[in-house]
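Take a look at the structures listed below.
Paired with chain B in one complex and with chain C in the other, chain A is shared by the two complexes that follow.
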Partner chain A sequence: MTTAETFLYLSPELTLLLVAALVFVLDLVWRRDPDRAHRWLPWVAMGGLAVALIITVALMARNPSAHIATMMVIDPMSLFFVAIAIVGAMLVILSALDYIPARTPYVSEFYALVVVAVLAIAIIVSANDLILIYLGMEFLSITSYILVGFLKRNRGSVEGALKYFLYGAAASAVMLYGMSFLYGATGATDLEAIARVFSGGLTGDLALMGFPAIALLMVGFGFKASLVPFHQWAPDAYEGAPTPVTAFLATASKAAGFAIIARVLLVGLPMFQEKEWVPILMGLSILTMTLGNLVAIQQRDMKRLLAYSSIAQAGYILIGLVAIGRDVAFGGLSGLLVYLFAYLFTNIGAFVVVIAVENATGATDLPAYAGLIRRSPLLASMLLLFLLSLAGIPPTGGFLGKFLVFGAAIRAHFLTLAIIAIINSVIAAFYYLNVVRYMFFVQPPDGGRKAIAVTPAIRVALWVCAAMTLLIGVCAQPFVTWAAHSASLLAAVW
Partner chain B sequence: MSFPILTLITFVPLLGAILCLLPWGQWLGWSKAREEDFIRLLAILFSLVPLILAVFLWLAYDKAAGGFQFEEMAAWIPALGVSYHIGVDGLSVPLVFLTTLLTTLGLYYSSHVIKHRVREFFVLFLLLEMGMLGVFVSLDFVLFYVFWEIGLVPMYFLIGIWGHEEDRPQYSAIKFFLYTLVGSVAMLLAILGVYFDTGTFDIVKAIALKPFAANPMLAGLAFWGFFLAFAIKMPVWPFHTWLPDAHTAAPTAGSVILAGVLLKLGAYGLIRINLPVFPTAAKTWAPLMIALGVISIVYGALVCMAQTDLKRLIAYSSVSHMGYVMLGVGAAAFAIGMKRAGALDSAAMALNGAALQMFNHGIITGGLFFLVGVIYERAHTRELNLFGGLSAKVPYYYGLMMVTALASLGLPGLAGFWSEFFVFRGAFDLVRVWAAIGVIGVVITAAYILWRIVQSVFLGQYDPQKIAHWTNPADGNMTHEPMDVLLFEKVTLWPLIFFMILFGVYPTPILDFFNRMTMALMHGL
Partner chain C sequence: MLLRLIFVVVSAFTLGFALLMVTARSLFHSALAMAASFLGVAALYILLEAEFLAGVQILIYVGAIAILIIFAIMLSRGTMRTAEPVVNKQWPFVAVVALSLFGLLAFLVSQVAWPARSAEPMGDPIAALGKAFVGPYVVPFEVASVLLVVAMIGAIIIAREKE
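Moving on, here comes the complex of A and B:
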């Protein structure tokens, strides 16, 4: 590959890097005029992200399969996840326009750090080498720790960050140990080289390496994707973090976790599918969705409820990998991508409503949502749509995602897994509808006289999320083909 | 491309719902009351369009040719093999008509009695109509499932928001939702199973391909996935416990739609999917279906005897009456593969009875729930013990209730008779003992209707002490004597009474629809 081509394929990452630097520099340049900085820097970040998104989409059209040394692979799937992260970050910045300045004087750093986090995700999802995977994960983690603890005078925020950091440090160490197993067994860190060594025949020690290595790696990856039992950080970090950050962690950051699980297992360790990683992932999936849903029932705080719900959703998403196969539409991987894409808009949309309510009332507990339909019909109807999508009720994107991953499970004859999943989706409907009950059935505390104001930025974010949530469900065809295409090259490698 | 009548029938209510959502008052400078009147009118007008189209459909459907007509086919998600395939046959045309009729009547009635959160009510009601109509016209499993679920959400709100506080509406609403959802998700897995066996989501193709023919175990599982969804929706014993709560809590028009149409979705699914797609499994499980049907008939009727709340009584009577449908379907399933002469004719007859019962029960129980609403608006109670001697006070109401109640118990000359007759005529030839047990239910039905409803509400001495204050539903003022039926209530009930008498005296027009379909179905298996 020529240098020019290398730069071309790295251009989304380079753009993100430049944008983040630009935001930092402009903040310094405008330090005597903080109003100006606060007004313009979010739009600098948004503009930069938009440019990066356009480049990413343009690269997708080239349908690449480009290796940058052995370190990175730019293929449709990595670009898919880069796009998810960028779109997620843009929605998060939109929703944070009023939230962050109201709570801290350090505004510009927030936008810069969100862009940096997207850069970290872009590296993770393209990484093809254990070393780069590790570096990318640490990069994303450290950025996330700062973002979670961004409101440094707020006890919850700091507590969440500290918990996140302690769990994260332990999880990385365990993951690194798992990586050392693979390196020890194969003498390689490049995923494709590892696969070549293993495909030479699983004899003796090589065969024994698979299970412990995968189990240990999953600690680190599962930490990012918030899979049970590596999820304990999530509720506290989600609750304590500034809500826009929570939205980012629950969607873009989680998606990165799934991207790396898929790539490492499918590219690096395909020969361990049957006996090693399918049973591990299946166990994690069942644990994750069941525990996430059962604990979510008892939550009385909207952010914690959505935290546990997003843990449970991770369990459904994982089904896509357990039931992976060569089928185009119901192959599992494409279902996983559609699910994550729909989940991105649905979940961020739900968090945007939480942000709007929090901006107006300062509260995130369920009683704050009592009679929301009277106080803000827009917010209540929007949250209803997002909750129905999370519950998998058609015609929403959430339904399409569940339809595809459950379909993959049936196709691959994982009937028990599918039945556990549908039982879980009924349990989940119960607590989602409990929120709906508060919004529509319970009388508002003040008789509904005080309307909740919704700012234009929040309005735009909401409409985008709602439109996409419905569009994915109603006009599913382009999304399904896009996901199937993005999944196909990786499936072909495997 | 021909005139897309079914698409219009299904989606005009959606258009109406969207128009009702628009802020007309803000745009035109109207007061809130004027805007609400406009929304009521808009909703009724938009429900009239599908009703008129459904009448046209009834007249235009070629009964001699049978089969699916007015079919529309378009690609929806070709990557998954999901298509927008809709069409109607002899089973669905009357049910589409029933749905549009009851929706219009429900909206008209509600426009007089629903006073708060008007906009939401009419929007949700129209969305509900779209969901129900969509189920009756869908010929693609995924489309069927999507509409099936769409109908769930508005009904949840109708029960939860407009239910009366003493009936625990929030509890009833979530119970209704979760029970139905359990069935739906099981159906979703079954749909996927059928897809991976036959490679299609098309219901018509699946009927031709007979999935899992070589694997009775999987066929049984898929059959049960569908059966669970439909049995909960119908509902048959022991899946019925959501029904009395939901019916009692729902507002009048909600109960009418719930009993009149939503329960039919379950019965419709059994005849549309379970019988023709899984004939072997249906044959295997026929005894169980028959047993569940008979238990529902007898158990439902016995529970009615013990009710003191008029609305709850009628709710339980639905369990009993839908049991006839299950018995008819079960008997027909039992006859699959029987070589004996006449067995298939008996099966078709039982199935005719089941289909006719679906329509009649919609008309009759819909009417009964309207009538409960009428008395509740006046008395603000439904306690049977507090009524008595009303025949002298509200003679018009008494007359309407007598016709409807007698139709419900199956008096010859009224619609309910024919459906019970055909079910038992068919079932008696095929499963004699079960049919005989089921007949006991008919006797108990007569008992609870005459004793619990007619006698305790209308006969005896009127005691002004029991209910001291009656409300005049026209203006909300208190009166000492109950008011008789008002014009809008008469207008709501006349069409239903008309059909009870028409199809009681001359059931041929509607039987022709079902007969062609059931004969083709039974002889095709």
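Moving on, here comes the complex of A and C:
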């Protein structure tokens, strides 16, 4: 590949890097005029993200399968996740416009760090080498620790960041140990080279190594995707973090975790599918959705409830990977992509409502939502839509995701798993509808006379999320085709 | 034979200080034990004929990180003399899990026939390393640079007082 082509394929990453640098520099240039910086820099970041998104979509049209310096692969699958991260970050920035300046003096740094986090995700999802995977994971983690602890005068924010950091450090140490097994067995860090060595046939001794190596790797990856039992950081970090950051962690950052699980297992370790990673992922999936849902029922704080809900959702998403059979043409993987795409808008939308309520009342507990329908019909009906989508009720995107993923499980003959998932969805509907009950049927303490104002930026973010949530559900075909196409090139490697 | 003896001594030194680090009651003693353990790791690298890595280990881990941690401890109030217990009531459970994990991994490491290969000794490892950084490893190299900048900015945000 020529240098020009390398730069072309790296252009989304380079754009993100330039945008982050630009925001940092402009903040310094305008330091005597912080009002101007605070007013314009979010739009600089938004504009830069939009440019990166356009480039990413344009690259998708080229249908590439390009190896960059033996370390990265730019293919439809990685571009899909880059696009998810960019869109997520744009919605997060929109929703943070009023939230962040009211709480911290470091406004410009916040937007720049969100862009940097997208850059980290772009690197992780294209990484094809254990070294770069590790580095990218650390990059995203360190950026996320900073973002979670961004409100440093707020006890919860600092506590969440510290817990996130301590768990993250331990998880990546364990993950590195798993990587050292793979390197020790194959002498390679490149995923395709690892697969080549193993495809020569597993001698009895080396096959022993597969299960523990994958289990150790999953500690690090599962930490990012907040799978049980590596989820303990999530509720405290989600609750303490600035809510826009929570929205980012629960969607874009989680999607990156799934992207890396899919790539490492499918590209690097396909020969360990049947005996090793399918059982591991299935166990994790059942644990994750069941525990997430059972604990979510008891939550009285909306951010914590959504945290446990997003843990449970990770369990459903994981089914997509379990259900990749050799004969079902990657139905599971494309289902996973559709699920993540719908989940991006649904979950960010739910968090945007939380942000709007928090901006107005300062509270995130369930009673703050009492009688929301009278105080803000817009917020209440939007949250209703997002909760229905999270519960997987048609005609929403959440339904389509669940339908495809559970369907793939049934077609691949994982009936027990599908049944457990469906029971879990019913349990989940209970606590989602409990929030709806608060919004519509519980009397607000002040009689609901005090209306909640919704700023234009929040309004735009809400409408985008709602439109996409509905569009994916109603007009499913293009999204399913897109996801199947994004998954297909990974299948070709396989 | 001599090499094996040296290996046992160095490993015992490293592990002993690592154990001391996690069991010491005073945070300060932990930090000192950690520095000693880092030195042991550097000695292991020398045994593996990775002299450059050993030098880096001493310069960065012993020289910079351990010293920085010791400074941080000495400059923080109330951490020089802590009497916090080093175990909590979950320790028996954790000990069982940790020991069984250790047993499992030790079994694995000793049972698997790890393919060994005899690599040619490199003429000039540092030159080769430099070339690798701008050759096959250019992407991680650049990502690491960006990561360091971001970490520094983050550290400033966390540490700086701004009203």
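Quick notes
As a working rule, the second predicted complex is superposed on the first by the 488 of 494 C-alpha atoms of A that agree within 3 Å, B and C clash if a C-alpha of one lies under 4 Å from a C-alpha of the other, contacts with A are read in each partner's own complex, and residues count from 1 in each chain.
Operating definition for what follows: contacts are C-beta pairs under 8 Å (C-beta built on N, C-alpha and C of every residue); 3 or more make two chains touch, one makes a residue touch a chain.
Source: prediction; values computed, not measured.
In the superposed pair of complexes, A:A484 makes contact with chain B only, with no contact to chain C. In the superposition on chain A, A:I393 contacts chain B only, with no contact to chain C. By the touch criterion defined above, A:L433 reaches chain B but does not reach chain C.
Judged by the touch definition given at the top, the superposed model places A:V29 against neither chain B nor chain C.
When both complexes are overlaid on chain A, the residue A:Y145 reaches chain C alone and has no touch with chain B.
Of the two partner chains, neither chain B nor chain C is touched by A:A451.
Using the contact criterion defined above for the overlaid structures, shared-chain residue A:R411 touches chain B, although it does not reach chain C. Touch criterion not met for A:L166: it reaches neither chain B nor chain C. By the touch rule above, chain B contacts chain A in their complex via residues 75-82, 120, 142, 145-146, 149-150, 152-153, 156-157, 160-161, 169-170, 173-174, 177-178, 181-182, 185-186, 188-189, 192-193, 195-196, 221.
Those residues of chain C lying in contact with chain A across their complex are 104-105, 108, 111-115, 117, 136-140, 143-144, 146-147, 150-151, 153-154, 157-158, 162-163.
Only residues 328-330, 373, 388, 393-395, 399, 403-404, 406-407, 410-411, 415, 418-419, 422-423, 425-426, 429-430, 433-434, 437, 440-441, 476-477, 480-481, 484 of chain A touch chain B when the two sit together in their complex. By the touch criterion given at the top, residues 17, 24, 68-72, 105-106, 109, 112-113, 116, 119, 123, 129, 131-132, 135-136, 138-139, 142-143, 145-146, 149-150, 152, 184-187, 203, 205-206, 208-209, 212 of chain A touch chain C in their complex.
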